[in-house]
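Chains here go by letter, A, B and C, matching the order in which they are written, and residues are numbered from 1 within each.
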């Protein structure tokens, strides 16, 4: 786990293009347990991308469904008692079957119910953790978190916390922000595509977690690492955001255009447009 | 119930035009118990059409509300414990009051909680059952169902299962697909309008179930059969989908355009554009 | 509380412009407990406006979150058992901390579970009550309410009920309709901007309640009254609706355009376009 392998920008964008092509050729079934605010948008993002979403968030079904899914998202945005139980059941099913899974610890820190659940889920070693800087700091136990869903800390301020979480899980950690930071125990990437309008649409971050679960499902088939899957998801999603922003008259038309753009992003576009910076893990 | 009455294409489209006109003149109150992914889209589809949606999915209210509603939809997409109880209460109220109701057995088969509920609801004889081929096969007990919400079987492969369900309920059964198959104990219809973009928007099928509940409410007033109500719903919805697809740049703008188009579909357009094939029940 | 202070149209629009400027400069954190149909749209409306939404609707978190929020919305559209408990917890936290809160008594009257909860919440004296005429009449105990979410009564028919509720709570009451009536114990306002397309989009009214909670959060900082905050919310929201309607091809593009327009409404536009009529409380 501690080998320090440098990853080139070229290999990151090449892997992203290959994963997108594979994803479209064989749509991953993405099991989503997510918050009630973003369910529809998340499903539409996955459908636009070319994946197949399914929301199965009740006990008695979540575990077996995670086992047959390509990837699982557990987002803690509005964790009802039923969803909390279903999340643990789903992760249990995912671990038994080897289904990769994403933890999105929305608003952890100040809010105790989800914070306790997030710690339980962290101990189960998510394949990828995705959050904003405040959430990553809070999940790592460094701070008390932001207020609600807003990040009050810079991405770089959360870099050590992200590295710590990667060491504890053995997986990848993605810190969303103006530039996204992605780390695992070997490498670090900074991805600088995207648009600020993503912060003016509800689910702008949450849906990215679902896209990561989709790419993890594809990566599991091709043998790409969780870090490369999370990077591919981020690149495709933020490039689509740039296309949508270029045509948007505001946040409403941006959200609509993001779905159109996601369905139109082609593997061949990624290399020329990706803004990637790589390094070894600190 | 076993008389074999042939229904002409002309009578189907004429009935659809008349029902749409009646629906707009006196908006049906449509009681929806549906999954958390599509609630907003479903309500917007009904509003665009000219109906009046209401989501009442808690016990203590669902039964009495079903009794005063024009039509009821029970969609099993994300059946929380509270929704499961509310669904049974609502159907009880609907049966007592004579409110027609639609069962949409989302993802039945492999998932045991909803499958058990779907069987309980099937025994209460829904006025219309709407699903994709895999769901219809699974509900009829012929197969184990698809994976999640995707149909893995062709519409025609589910024809016998649909006929069987129609015989068991005395109602109509609609199998969604590239061409929709609608059957009751007397007749069969194939409706071939629509666009593949409907499968790239979450709730593309679920909202059709709500539109059927709306038309059932109107049909109850005019005396049209459940099969004709389900056909009218399918025609209006799929014609609007064609209009939206013609203007869409992708799945995002298609979903927006579908709402615009639904509000603009006129009774007079149906006859010239409908692609209907009729026959007697096999 | 009984002093009769006349409020001029000029002071209403001036206050609205000032509050919008303050809101954009320091985004209020708006705690929403709302129905499952409109969560996404409500959050997008708040983000487009420039506020920061957060949905925290579980017990164990709702109370403490209301205490740190700028404003709270409690909307009774789909009140699950968990949401009912969380609503009471949230209002408790809001009252302790002085957080202003909005009650939106969706479909109260005929439906007993929400009606009982609405009466419990009414006794806790909401800062603002927002509803359509049928809901206001039902909440005041004058009538049995409408059917579902539709208003069957005219705004003016609910004027006495609104005045009665204002006296009982000491807060403001807003009756939505073709012209909105806003009252507190001192003043009355009629605001006539808006567009009928707002009634063809789900959450058209519910999201206005959230916008009121946002402006209440800002007003708390500036010292403006709840009536002026609710008026500012109504003006900004209905002016944006007019802009969106002017560009819409139907209810789908209207909803998208409303978000775009909300993000573009400028304080300086309000005075010239607002249609305000003021008077003393009857």
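Convention: a residue touches a chain if its C-beta (ideal position, glycine included) is under 8 Å from a C-beta of that chain, and two chains touch if they have at least 3 such contacts.
Given the structure is predicted, the values throughout are model-derived calculations rather than measurements.
Asker: Should the pattern of chain-chain touching be classed as line, ring, star, complete or other?
Answerer: If you draw each chain as a dot and join those that touch, every dot ends up joined to every other.
Asker: Between subunit A and subunit B, two touching copies, which fits better, same or different residues at the interface, with half of the numbers shared as the threshold?
Answerer: Interface between subunit A and subunit B is built from largely different residues.
Asker: For subunit A superposed on subunit C via Cα atoms, how large is the rotation, as a multiple of 5°?
Answerer: That rotation is 120 degrees, given to the nearest 5.
Asker: CA centre of subunit A versus CA centre of subunit B: separation in Å?
Answerer: Centres of subunit A and subunit B (C-alpha means) sit 34 Å apart.
Asker: Can you list the residues of subunit B that touch 2 or more other chains?
Answerer: 36, 39-40, 80, 255-256 - these are the residues of subunit B that touch more than one other chain.
Asker: Within the complex, which stretch of subunit C touches subunit A?
Answerer: Listed in rising order, the residues are 29, 31, 36, 39-40, 43-44, 47-48, 52-58, 60-61, 64-65, 68-69, 80, 82, 255-264.
Asker: Subunit B touches which residues of subunit C in the complex?
Answerer: Residue list for subunit C touching subunit B: 35-41, 77-81, 107, 110-114, 147-150, 199-203, 248-253, 255-256.
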